[in-house]
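As written, the chain order gives the labels A, B, C, D, E and F, with residue 1 at the start of each chain.
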Amino acid sequence: MKLSIQINEGPYQHQAADSAYQFAKAALAKGHEIFRVFFYHDGVNNATRLAVPPQDDRNITQQWTDLQKEHDLDLVVCIAAAQRRGLMDEDEAKRQGKDANNIAEGFRISGLGQLIEAGIESDHLVTFGA
Amino acid sequence: MKLSIQINEGPYQHQAADSAYQFAKAALAKGHEIFRVFFYHDGVNNATRLAVPPQDDRNITQQWTDLQKEHDLDLVVCIAAAQRRGLMDEDEAKRQGKDANNIAEGFRISGLGQLIEAGIESDHLVTFGA
Amino acid sequence: MTTLHTVNKSPFSSSALDNCLGLAKNGSTVLLLEDGVYAATAGTKSAEAIANADGVSFAILGPDAQARGIEGKLADGIKVVDYDGFVDLVAEHDKVHAWL
Amino acid sequence: MTTLHTVNKSPFSSSALDNCLGLAKNGSTVLLLEDGVYAATAGTKSAEAIANADGVSFAILGPDAQARGIEGKLADGIKVVDYDGFVDLVAEHDKVHAWL
Amino acid sequence: MAKKFMYMNTKAPYGTIYALESLEVVLIGAAFEQDVSLAFIDDGVYQLTKGQNTDGIGMKNFSPTYSALGDYDVNKIYVEKESLEERGLTLDDLQHLTWEDEDEDWAEKDSIKLVSRAELADILDDQDVVLSF
Amino acid sequence: MAKKFMYMNTKAPYGTIYALESLEVVLIGAAFEQDVSLAFIDDGVYQLTKGQNTDGIGMKNFSPTYSALGDYDVNKIYVEKESLEERGLTLDDLQHLTWEDEDEDWAEKDSIKLVSRAELADILDDQDVVLSF
């Protein structure tokens, strides 16, 4: 089947981000297609490359980056939610006159239409949140 | 009285950050002393300088930065919580080998001991969270 | 000692108010704020629980009730305060207990 | 159409399971995950509500029950699945409804 | 073929951002010409209360946006009766949302339908995609 | 003079980070030589369950840390009886936490005290600072 995943909460604070990752990994291992992973609300915070979790803990952003590389996943960060919360890529930083950006490798920033499209194009949209 | 404030949730996602700000402003206007504002859990996300909220909405980080300037507030971001969530200042970025930092003016990063000290030194610790 | 309890969750979707009412002592005050203000809506179970909480005082943060359009629907006898009044309540009690 | 409902909140502190059980149709499945797994603990009101939900199937995410140390305390008759089983449940139903 | 999209709203406004960001999805989603419905249950019914005034809390009052939904052809708005009653509210406490029916000479019609839990269960059953907020 | 610090834990572990980050505060706070108590009510009682195994969810199992609290002189751990019973649990389902009493020749004593809601209300009343998690 063709799946899309929506993640509504940030890393570490809620298990939602972890559950989504475990689910995505299992779905891919079973040969299912993941059309898109859409990060919304505080979920956009999963896309920061500046996190330094304790060494004996998982690195949630890195897990997504690795999974993206392996399976060419489409990891989309909602731009409206990201702007509110301080997630940006290089282009957006330039446009907004910010002196830094913090998005991790493998994620791209785009609009809410990408979520609706995921709902239309996928057999199932699975949401993880709080 | 001498107050300290603990903020446990990020900006925009929960009202806690807003309530804390309104409370702090009112306390200062009444002549009370704020010993410290401690940002914990997702509360550390209030300290990002990369947020670009919609123009017709409040800028929560800027509100704190302005209040800090006006009243010389001690705005402390918990380092352990910040590391997990990708909040860092210039020194920490260097130490961790990161190519960017995102902390806003007026905030400083320090340890959990600062929260305990706030509890000891203040007449009241007021917590805002979810 | 006197305690100011703060509750910022709706009583319909969270256990925060129940926890608070179960452990608040006589002489303490409960301040309802944020989504906690819904608890004071007239004709609800939570408003009844509040009315039955003998010995505990209640206050509600007016700006939060107004934001939610329910300031005209509040049960009788609940004191409405603004952020200044919130600060005063903190000052008047020995400690603040946030029920998150 | 068949629906897979997911509930990730404790029934003791959140209304998510109540919302779900109130609106789940016969033939649908409820998957309890994250803090939602506590609902299946034997001897609780939520386990009783689950037992009384005629026509609705229940499954629980095993890894979440193990993490919380309650896999030995689960009520009888609830199917335990791993993440693979979660994926299969999604595939077997027409849609997924997350009760947040 | 258009899919049936249901936006399921369970949370109060302002306390958390879900209500506001749900509305943002609905407005963007309206351009995709799918079959859109909104449901309000549990604390979600509070999103529609009349007379919201956020001047005192420094947050943006987004409640006027609900009245614009009709212009976006979003006119199937289901409010669960049981949730409303439990909260001591009636339809009169909610905004009066309307839309104009092109097929009936732009007659103004109510967008909000008060439905029982059992009715809403049937409506939900019929959806293709549920977005939860 | 030492203040009475109460850590009030109301949330389940793993679903959210509050339990873990509460424990981090307790461990740091132990160095400040205040009078420290921990209370577990509502879903907070789940933090202390025996046999937690997080291998399947990819998260760190922090439950062994509770057994180290005694070494930090944190030995007043109150578990609310009503919360435990409502969840179908007994003390036997929780970790057996102990501390060694220096004043009684290092006798091993139980750290967990099962208290009724009324007893806990009195204990809370007596605190100077409440940290909520």
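The criterion applied here is as follows: a residue touches a chain if its C-beta (ideal position, glycine included) is under 8 Å from a C-beta of that chain, and two chains touch if they have at least 3 such contacts.
Everything numeric here is computed off the predicted structure, so don't read it as measured data.
Fewest steps needed to get from chain E to chain F, stepping only to touching chains, is 2. Least step count on the touch graph, chain C to chain D: 1.
By number of C-beta pairs in contact, D-E leads over the other of B-E and D-E. Centroid analysis (C-alpha atoms only) places A farthest from chain C. Farthest from chain D, judged by the mean position of CA atoms in each chain, is B.
A separation of 28 Å divides the Cα centre of chain D from that of chain F.
If you average the Cα atoms of chain B and of chain C, the two centres end up 25 Å apart. Residue positions of chain B touching 2 or more other chains: 12-13, 15, 19, 22, 41, 54, 57, 80, 125, 127, 129-130. Under the contact definition stated at the top, the residues of chain F that touch 2 or more other chains are 10-11, 14-18, 42-43, 57, 59, 129-130, 132.
Taken residue by residue, chain D touches two or more other chains at 8-9, 12-13, 15, 34-35, 63, 82, 95-96, 98, 100, whereas all remaining positions touch fewer. If touching chains are joined by edges, the resulting network of the protein chains shown has some other shape, matching none of path, cycle, star or complete graph. Two chains count as a pair here when they touch; such pairs are A-B, A-D, A-E, A-F, B-C, B-E, B-F, C-D, C-E, C-F, D-E, D-F.
Those residues of chain C that touch chain B in the shared complex are 6, 8-9, 33-35, 63, 82-84, 86-88, 90-91, 95-96, 98, 100. Every residue of chain C that touches chain F in the complex is listed here, in rising order: 1, 3, 15-16, 19, 22-25, 94-100.
On the chain C side of its complex with chain D, the touching residues are 12-15.
Residue ranges on chain F touching chain D, taken from their complex, read 10-16, 42-43, 46, 49-57, 59, 61, 63, 86-89, 93. On chain C, the positions that touch chain E within their shared complex are 8-10, 12-13, 34-35, 38, 41-45, 47, 62-64, 66-70, 72-73, 82.
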